[in-house]
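Take a look at the following structure, please.
The first chain written gets the first letter, and so on, giving A, B, C and D; residue counts start at 1 in each chain.
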Amino acid sequence: MAAVTTTGQKRSIGQIIKRLLLLDLIEGLFLTFKYNVRALYEPRDGGNPNQAIYTEQYPLERPRVSERFRGAPRLNLDPENGSTLCIACDLCALACPVDCIEVGSIRREVRDGEKVNKKKVLTTFIFDTSRCMFCNLCSEACPTDCLELTQSFELAVYHRSGFRWDREMLEKGINYVRYTK
Amino acid sequence: MADDNKELPADKPIAENESDKKEEAKPDATLAERTEAKPEGETAKPAPPKAAPTGHKPAPPAKKGPVVTVEITDDPLINKIKEKFGDAVTEAVATFGQQIVRVKKNSYLDLCRFLQTDEDALFDLCADLTAIHWPERKEEEFDVVVQLYSTQKNRRLRIKVALADGDACPSLTALWSGTDWMEREAYDMFGIKFEGHKDLRRILLPEDWPGHPLRKEYPVEYRDNEWTDKHLQYREIDYDTSLIDVKYAERR
Amino acid sequence: MQEEITKPRETLLDAEEMALNMGPQHPSTHGVLRVLLKLDGETVIDLDCDIGFLHRGVEKIAEQDTYAMITPYWDRLDYVAAVSGDLCYVEGVEKLLQVEVPRRAEYLRVILTELQRIASHLLWLGTHAIDIGAVTVLLYCFREREEILKIFEDFIGARLTAHAFRIGGLWWDVYPEFETRVRDFLKIIPDRITEYETLLNTNRIWLSRTVGIGVLPAEEAINLSLTGPVLRGSGVNYDVRKAQPYSAYADFDFEVPLGENGDTYDRYLIRMEEMRQSVRIIEQALDGLPEGPVMAKVPKVIKPPVGEIYHSIEAPKGELGVYLVSDGTGKPYRMRIRPPAYINLQSLKRMAIGHLVADVVAIIGTIDIVLGEVDR
Amino acid sequence: MPEILALLIAPDWVRSLTGERPPNVFWAEYIVWPLIQIVIVLFVVLTVVAYLVYFERKISAFIQARLGPMRVGPWGILQPAADGLKLLLKEDIIPIKADKLVFSIAPIISVVSTLVVLAVIPWGAAWATIANVNIGLLFVLAVSSVSVLGLVLAGWSSNSKYSLLGALRSSAQMVSYEVGMGLSIIGALIFARTLSLSGIVEAQRADGLPYFLFQPLGFLIYLISALGETNRAPFDLPEAESELVAGYHTEYSGFRWALFFMAEYTAMLVTSAVAVTVFLGGWYFPGLDWIKSNWGPNIYVLLSVAAFAGKIAVLIYAYMWFRWTWPRYRYDQLMELGWKWLIPAGLANVVLTGVWYVLALPEAQGGVFGFVKQTAGRYVPTGYGKIYFILTGFIITIPLSWALLATINRRSRDFNLHDQRQLQIKLRSERIKRNEPVAE
């Protein structure tokens, strides 16, 4: 176990001289001055910690969002016929810790080729993004990869009611206002 | 990649142990009684009686089985406690390798003092103090649970004391001043009074909040109560009218 | 108590005492902490903490939710060290279930938790420095913390409220560039820590603001149930990672820095050194990262046997513990969180009395509280 | 009628430009032209002040690996205008329990007292100075210290505890540092032998060297005191945002708040201007005389103004640089630094400088070395004299004062942190052992 011993010791002569010459203050000044000068000549590369300026200018420069990011929810459609993948099993609603999902379904006869099956069919799907804590448990519970949290992260709306996403919004996504200069 | 991983937990559940379903919680039984009732012999892994696990390696046969709670017999400290306090120690068990001593309320403070000062124990750090509500257990509705740790011996010990609703529990603040806020929280959440606590008032909830939330009868989704009526109601701000500019008054 | 504080008392200069409300909206109470100060001039005579503004009743909510559903709530306790919270809870449930977590998952968990420790300490350093007036350190710290958060985002899918672990292991395996990204970060961070130290370590203003402020001797610190860097600053060698190793910590070689004087400066030095030690641990874990699955076989419906468990880990702020009582159903009968910040905050009163208002700010900073955890 | 006509007639400087000779009228000399000067100076200074905020933000951003304001105009160059507009349009909130009259007047007092000082600053040679008052330095010190009144009134009238604490701190701090500041200048005055700011610049021109070389300790004390006087970090306690939210201007909003900011930055400008005038040679730089004789008097004046601005810019950059690098002192430490170190050091500097100067006088005046010669009615150090004063300043005055103060302050808290801490720990442990409350 290493003990930190730098405190509590009497100052040595070197430290006293350093203190007299204000070196403890000056070395800090040098560091900040170095950054200041580097900021003036180095090319800006937002988000690179080795560059002098780290800023990404967000609305102008879109951030790189990772593949696994959990953002706005989406209901996936079957790519072949465009119908929803949701089987209205309600597992997502059960898995949700904050009860932000409501799945509405009816039982009705569905023609599958020649046969006619009685099947649960999705009618409404309400996802309250104001309550959602983006934990991904619903998506993990989904047996058909229908409900998914996507990379879209701009969820701000002008009115509280806008946080309640219905089935249409979940399937098509909402229109974002993209701010440009 | 995402899809590969999703397969993993989707495996069908391991066959549930049937004994589990039979074993519903019996909150009125003490832990030892509950576990005694279990069918023994099924892949039962005896938990190590020593508290301090050195180098946590996961339990070798990691099969799901009923927990074996064993009576501690070979631990010198526990034996010493049993000897000293006799009948006051109603239970001394180890579960998951963690030692639990249940003590009667009268000897609770003495035991803690003993544990703090005795040179075999030296539990100098009171890691946690909390309570559990067992509404079905008559006359012993509350358990106060204290987690002790010894920085010198590197071992843990859990002390439990049962209380009836409305009973006062002796306060540990004289021994460990760190229990101050923990006891206040227990009071706040369960309504357990701590005798000898100098400053026993609510800590997380407002002073005049009705009820104690962590009691089992307290509802989870409970919005309006007297407190919200009193404090969160919209009402007009009482201005000192003499300070309002005359012009404004005239304009009205 | 509150009345007592607001009540005036005769003082040396025959002036009235002043009661000052610091918070709940105040730049340096690190959230919604309200400190009621009784001042004689600017000297603190007495103080009382008023907490609970952020109380969400997580312990009560946990009694209604299944074991898997509780995990995200742990992100929101100490939201600057969400991964550590997840680790504590998940390991507690795993112990209760007696599930063996794959080695690879344990190593990855250690890497993530140690990265989170660095991130948490960086945030602490930044806010502590800004409380004492050194604004620039905050921005530098945030730059490095941002790198950690990017690693988290790529791995876990969220930057802050991670929901990093699932009961039984991890949801995701690593992404392809994970190792190079972490190693890149490990390459830069020691230099950056040196930079912060250049700005602060020997700076006379920093010294005069931290040395001898908020002194806690070892006995007092233990008696106050303090844990984490605040306890180790007083020279008590208690680190759960060493004392009772959990996860894969027994495999790694690292040191626990200890202070001597138990003042703000010692606690500062300890956290700086802890970041370096975390770098060591991550390097070892990356070198020895085993192959294999990252998820154990865990039933979809988690029903632990009847029993109870107390599991604690060394979170960046101290010993974070979970006490789980199971009654055999799918929901915990009782879940108690042992919040290090809450218990450490008690020491504010002991440390701050007799100091000036400015020192109260420094002491709040040195305790390193997060109100999400204090109020739960 | 001739008087009214004369109002339209340009004074001397236009005369020099055009070569005409209009009648020399009192009104033109003392009313119109000064008014023009005042308007120009105010306009320039207030614009500069607005841009100082911009530069502060930019410099802090570059130091902190950020970009700073970028959205209003290219590189955010119009940010000050946008800020000003926003502050003008903001709601002017007066707390209901505040003393309204005082609350409204306070920022005005603060800003006016700093702006008045601008009148006597020698911005450049010849006509670039508004008023050459022969007690200019005294005027600067006297008037600029009025601004503390604004802060105190603001803090008191807000009826807020944070404001009150901020006001208390600022009054104590500014009054204390005023003393150190005054003392630090006296050393330079020994050489200049005048209180007129233009006179001091001329004196440095005549002596051939800026006075910070003769007065290194005085210059250092002045710089530190100026930081304290203008409430800049590391002495920004009156508005220490981490402790007092915003100090005396916590309750202010809108344009009143902007006035405080204006006052702060103008004060920064004024203190740096005084530092430049007294210690850095003012608007003079070597070679200026050659420019005057070769390029004409107007280029000469403009260049002198530019030199003055450049020197001020360096100092102000240093102020900003310090602010974004160092932590903040605590209130008692600040007072300790002021009273235990700066003021005694200032006194020591005056005494030692006096001794060196008397020693340097010719024997006829009671001196020893005769390094100072009387030429053209002034005492001017000779070549040896310059070396002598520089050496004494750097090699003897600083170490001697430091050793003296270190001896005096040996038992001071700041000096002996180690012992102090050990004592605290011991006391606490003993109290715990005796089961007493641990409050100090």
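One rule holds in what follows: contacts are C-beta pairs under 8 Å (C-beta built on N, C-alpha and C of every residue); 3 or more make two chains touch, one makes a residue touch a chain.
Not measured: the values here are computed from a predicted model.
Per-pair counts of C-beta contacts peak for the chains B-C. Central chain (C-alpha centroid nearest the global protein C-alpha centroid): C. One simple way to say how far apart two chains are is to compare their mean CA positions; for chain A and chain C this gives 23 Å.
In whole angstrom, the spacing between the mean C-alpha positions of chain B and chain D is 62. Here the spacing of chain A and chain B, counted between their Cα centres, is 35 Å. Centre-to-centre, using mean CA coordinates, chain A is 49 Å away from chain D.
Of all residues in chain A, those that touch two or more other chains are 8, 25, 28, 31-32, 54, 67-68, 140. Across the assembly, chain C contributes residues 136, 143, 171-172, 175, 199-200, 203, 205, 211, 237, 261, 263 that each touch 2 or more other chains. Within chain D, contacts with two or more other chains are made by residues 63-66, 324-326, 421-422. By the touch rule above, chain A contacts chain C in their complex via residues 1-8, 15, 18-19, 24-25, 27-28, 31-32, 47, 49-50, 54, 65-70, 95-97, 133-137, 140, 149. Every residue of chain B that touches chain C in the complex is listed here, in rising order: 1-2, 5, 8-14, 16-17, 20, 23-25, 27, 31, 34-35, 45, 52-53, 55-59, 62-67, 69, 95-96, 98, 124-128, 130, 132-133, 145, 147, 149, 151, 154, 156, 158, 176-182, 185, 189, 199, 201-206, 213-214, 218, 220. Listed in rising order, the residues of chain D touching chain C in the complex are 60, 63-66, 161-162, 165, 233-234, 236-237, 240-245, 324-333, 414, 417, 420-422, 424-425, 428-429, 432, 438-440. By the touch criterion given at the top, residues 8-11, 20, 25, 28-29, 31-33, 35-36, 39-40, 44, 52-55, 57, 181 of chain A touch chain D in their complex. Across the complex, chain C meets chain A through its residues 65, 68-73, 75-76, 136, 143-144, 146-147, 150, 153-158, 161, 163, 171-172, 175, 188, 195, 198-205, 211, 235, 237, 255-261, 263, 265-266, 269-270, 273.
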